[in-house]
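The same chain A turns up in both complexes below, where it pairs with chain B and then with chain C.
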Partner chain A sequence: MSPRTYVPAGFLVFLLVLPHLLPNPFYVHIAVMMAVFAVLGGTWNIIGGYGGQLSLGHAAFFGTGAYVSTLLVNAYGISPWITLWLGGLAALLLSVPVGIICFRLQGPYFAIASIGLAEALRLLVLHFRDITNGAQGLTVPFKGNAPWLLQFDSKFPYYYLALVMAVGVVLIVRRMERSRLGHYLVAIGQNQDAAEALGINSSRAKAKALALSAFLTGVAGVFYAQYTYVIHPDSVFGLGLSIQIALVAIVGGVGTVLGPVLGAVIMEFFIQFTQIAFAGQYPGLELMVYGGLLVAVILWRPRGVIPWFARLYEGLVARLPAARGAQA
Partner chain B sequence: MDLTTILQGLLTGILMAGIYALVAIGLTLIFGVVRIVNFAQGEFVMIGMYATYWLWKLWGIDPYLSLLITMPLLFCFGVLVQRFLFRPILHAPDLAQIFMTVGISVVLMNAALFFFTADFRSVKTAYAEWALRLGGVTVSVTRLFAFLGALLLAGLLTVFLTKTDVGKALRAVAQDREVCMLLGINPERMYLLAVGLGAALAGAAGSLIVPFFYVFPTVGVVFVLVAFVVVILGTLGSIEGALLAALIVGVAESLGILFAGADLGLVVVFAILVATLILRPSGLMGQA
Partner chain C sequence: MTASLMLEVDGLVKQFGGVQAVLDLSFHVREGEILGVIGPNGSGKTTTFNLITGVYRPDRGRVRFAGHDITGLPPYEVCARGICRTFQIAKPFRELTVLRNVIMGTLLRHPDPAAAEARGHEILQTVGLEGRARMVAGSLTTIDQRRLEVARALGTGPRLLLLDETMAGLNPTETEEAIRLIASLRNQGLTVVVVEHVMRAIMSLSDRIVVLDQGTKIAEGQPKEISSDPRVIQAYLGVEYRRA
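== the complex of A and B ==
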């Protein structure tokens, strides 16, 4: 067995036993959030990295998933296992007109419209408080350990669910990268006019990428609502979340399969570290540091940290011996 | 709803349009010359507002007088931003450029939160409550001053761009960098000037608005979203377009607040953006 097989396999085993190695539920929570942001960074990357269309409003899709699901669960008692898909579908439907309107145009229109979309949704959710409960947000009624309601009294099942989603997104992105759509997007990213001349319908390809990204982001939003039990307009539709989602992909490496995963791990470490170090005493300091990090990455590591890790991994694989006995 | 209320809403919208135009002109100037979409433009306004506030609070300098300080201050700030943050990414992909400006915006916004706390602050002047009465409609003097000041600055900028050699060179660089270099115009210096001017206009908007608007760390978000819609509706790069679009957006927002509720003003602005992108993405001044 070559190191290229057993190193990833070993890492997967490590991820499976990880929560049992962690000393307390707080660390499991960090691991869950890492997986959630790996999902979000990965889905953002589909349109932001591969599609080259910078979204600064992915919270719009996340929040739509979270709100649609929680409203359906509360009003009709539908199982979250079903609303998980409905939330994703709602986000996808929201993305369709956005894609049709913005991708006919070249320029910064999508970035601006995406911020506006998330902000408009946030204000609408705040305004129609009869339905959405306004600024107080919505809560998922707590039913104890109820697996069929996607509720668990331990953090472990959430961790495994988030892990499945993160691995799923990685596999989807990898598959998309090698698909016709992936090649189209890369071609468009390099030279849109040349791609169009070869018969690629660039707005259609981008709209497809956005729909896929929105759907998966919406699903992640539903998971988040179920995991935290409470959602607010500011927390799920806020500009801060949109920037954080994009930052994960940028720090890791845009347009790469594993970049956002790496970015999520690094950013979440960073967030927890700053929260412990500053203990919320200095409002603004954390985000100031993120903003600074963003500027620094753009200036000095525009391809993210993934090239470093790729080199590290290659070096490791080259040095490790092939495992004996499994050669056949 | 009676006619007076609607007229009052219209007027409030028109007067606010001056400020929106000023922020948007700064944005469109930077975009036109340097080709960078500056998401930190709202934070430039925020800096102008805090500078005006502290000048008043610490030394009792009148907000209108402080224009003489905030505009040069923001000009220098813009020059530094161009020199150290924009210049390295001038030829980078759009993604990197937008993210650079978003990063600057996040840093500035949260630096304000860190240093000045989330408190809403306001400047209290003797003339804050002065108002003119025209029939049943009230015209706030501070809002009128903001509108007139904005128009004056926009006019001065237009004269500068059309009548002076430096202004003409600036417009030439916006049209074609390479040819300008052949003609002996140094584009790097024009970039410094463009971002400096764009920031100075934002600073002026900040000073003009402080007499009737709260100062708080995230105030820039309000302006930047509106300014983007104004710039797109008025065609990227066009100053006359920005003025006209600011009028439309200001009035629409004000009437939206009147009819739909105070918290939905920005939703109306977003609706204008969507309508523009569908019906006339090149803006009012562009070819259909």
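== the complex of A and C ==
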């Protein structure tokens, strides 16, 4: 067995046993959030990285998923296993008019329009208190350990669910990268005029990418609502979340399959541990860590940490011996 | 007769603010010919390309391609119908490899990426860039960037190819190569419109030449007729060319 097989396989086993190795549920929580952000960074990457359309409003899709699901769960008692898909679908439907309107704009104008979208939704949710409960947010009714209602009394099932989602997104992005759509997005991200001259319908390609990205982001939003039991307009539609989603991909490496995964691990690690270390003594300190990380990445690793990490990995694989079993 | 007309441009008008870029321009391109378009800077050559390929929408006038009205169609649709153009200032996807640049074109007719890649290699061979397939496009020399520009356009499988100053800045040997390439494309059945400043190239390549000045056509005919037309000499070629 070559190191190229057993190193990734070993890593996968590590991910599977990881929660059992962690000393307390808080660390499992960090692992869950890493997986959630790996999902979000990966889906953002479809339109933001490959397509080069800097979205700073992905919270719009996340929040839509979270709110639509929680409203349906509360009002009709629909199982979250079903609203998981309905939340994604709602985000996808939202992406259609958004794509038509916002993709008339390019570069910073699109970024600003995307911020406006998420902010508009946040304000609408605050305003229509009768339905959304305004600033107090919504709560998922606590049912204890109810797997059929996507509720568990341990964090382990959430971790495995998030892991499945993260691996799923990685596989979807990898498939997309190799498809015609993936190529077209890269062409558009590089030079939209040149792409159109080559017969590429940029509006359609971007709309498809946004729809896929929105759907997966919406699904992640539903998962988040189920995991945390409570959602607020600020926590699921906020600008901070949108920026965090984009940063995960940018720090990791835009337009790469594994970059956002790495970005999620690094960002969550720094943020959670700054919060632990200073335990609310200096509120907002984690935001400074954010800013610092971003500056460092842009200065020293403008393509994200993934190329550097890839070199490390290649070096490791080259040095490791082949496992005995395969020779036999 | 109409059946052999590949492109008909009829009464095109385009104004930018107060500037008349193209003013009542009409000409046609026959199937299988090489049409040269010449004219001084600002005479509307590139604007005409942009009007044909849908980058701009004409204020007035029609463009017909192979008998169908394509006026005002978006650029990607025009390309899908079979007209592809190169840009005067090459627009490679700078961070991508040469091969990947060409694949972006070949994917139009070969939706399967593997097939698109195979076709990409063939086209790189045609334009003499096969040896640079794995290089990043941004690191190519100007000449190779022009080659790449042509390769990408060829990748879309056009029936009509519009070349915008592909030879500017090439040395005599490279110009010869470019002339041979364009001639060979025509021999493969392509119809070509060439906008060019390099007189030697356009005179030897073109079956017919259209001369533009201030957005309108001032002369049209075979290279020999054009080079002796007094209006053309005055507007563009200069007195020196009369002696040649």
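The criterion applied here is as follows: the second predicted complex is superposed on the first by the 324 of 328 C-alpha atoms of A that agree within 3 Å, B and C clash if a C-alpha of one lies under 4 Å from a C-alpha of the other, contacts with A are read in each partner's own complex, and residues count from 1 in each chain.
By definition in this document, a residue touches a chain if its C-beta (ideal position, glycine included) is under 8 Å from a C-beta of that chain, and two chains touch if they have at least 3 such contacts.
Computed from a prediction, not measured in an experiment: that's the story for all the values here.
After lining up the shared chain so the two structures overlap, which partner does A:S154 touch, if you call chain B first and chain C second: first, second, both or neither?
neither
Would you check which partner chain A:Y109 touches, where first means chain B only, second means chain C only, and both and neither mean what they say?
first
After superposition on the shared chain, which partner residues are touched by A:S79: those of chain B (first), chain C (second), both, or neither?
neither
For A:N191, decide between first (touching chain B), second (touching chain C), both and neither.
second
By the touch definition at the top of the document, which applies to A:Y282: first (chain B), second (chain C), both, or neither?
In the superposed model, A:Y282 contacts chain B only, not chain C.
Can A:Q136 be said to touch chain B (first), chain C (second), both, or neither?
The answer is neither, since A:Q136 touches no partner chain.
Looking at A:G292 after the superposition, I want to know if it touches chain B, chain C, both of them or none. Which is it: first, second, both, neither?
first
Contact-wise, after the overlay, does A:G199 reach chain B, chain C, both or neither (first, second, both, neither)?
After superposing on A, A:G199 lies in contact with chain C but is clear of chain B.
Of the two partners chain B and chain C, indicate the one touching more residues belonging to chain A.
Result: the larger residue contact count on chain A belongs to B.
Tell me the contact category for A:R178 with respect to chain B and chain C: first, second, both or neither.
A:R178: touches chain C, not chain B.
Taking the contacts chain A makes with chain B in one complex and with chain C in the other, which residues are shared?
Of chain A, no residue contacts chain B in one complex and chain C in the other.
Name, in rising order, each residue of chain A that touches chain C in their complex.
178-180, 183-184, 186-187, 190-191, 193-202
For chain C, which residues are in contact with chain A within the complex?
Per the stated touch rule, the residues are 53, 55, 74-77, 79-80, 84-85, 87, 91-96, 100, 103-105, 107-108, 111-113, 116, 152-153, 155-156.
Using the touch definition up top, name the residues of chain B that touch chain A in the complex.
Going by the criterion above, the answer is residues 37, 39, 85, 88-89, 92-96, 98-100, 102-114, 117-118, 217, 221, 225, 228-229, 232, 236, 261, 263-264, 266-267, 269-271, 273-274, 277-278, 281.
So in the complex, the part of chain A that touches chain B is made up of which residues?
Touch residues, chain A against chain B: 48, 52, 54, 56, 101-102, 104-105, 107-109, 111-113, 115-117, 119-120, 123-124, 126-127, 239, 243, 246, 250, 254, 282-288, 290-295, 298-299, 302.
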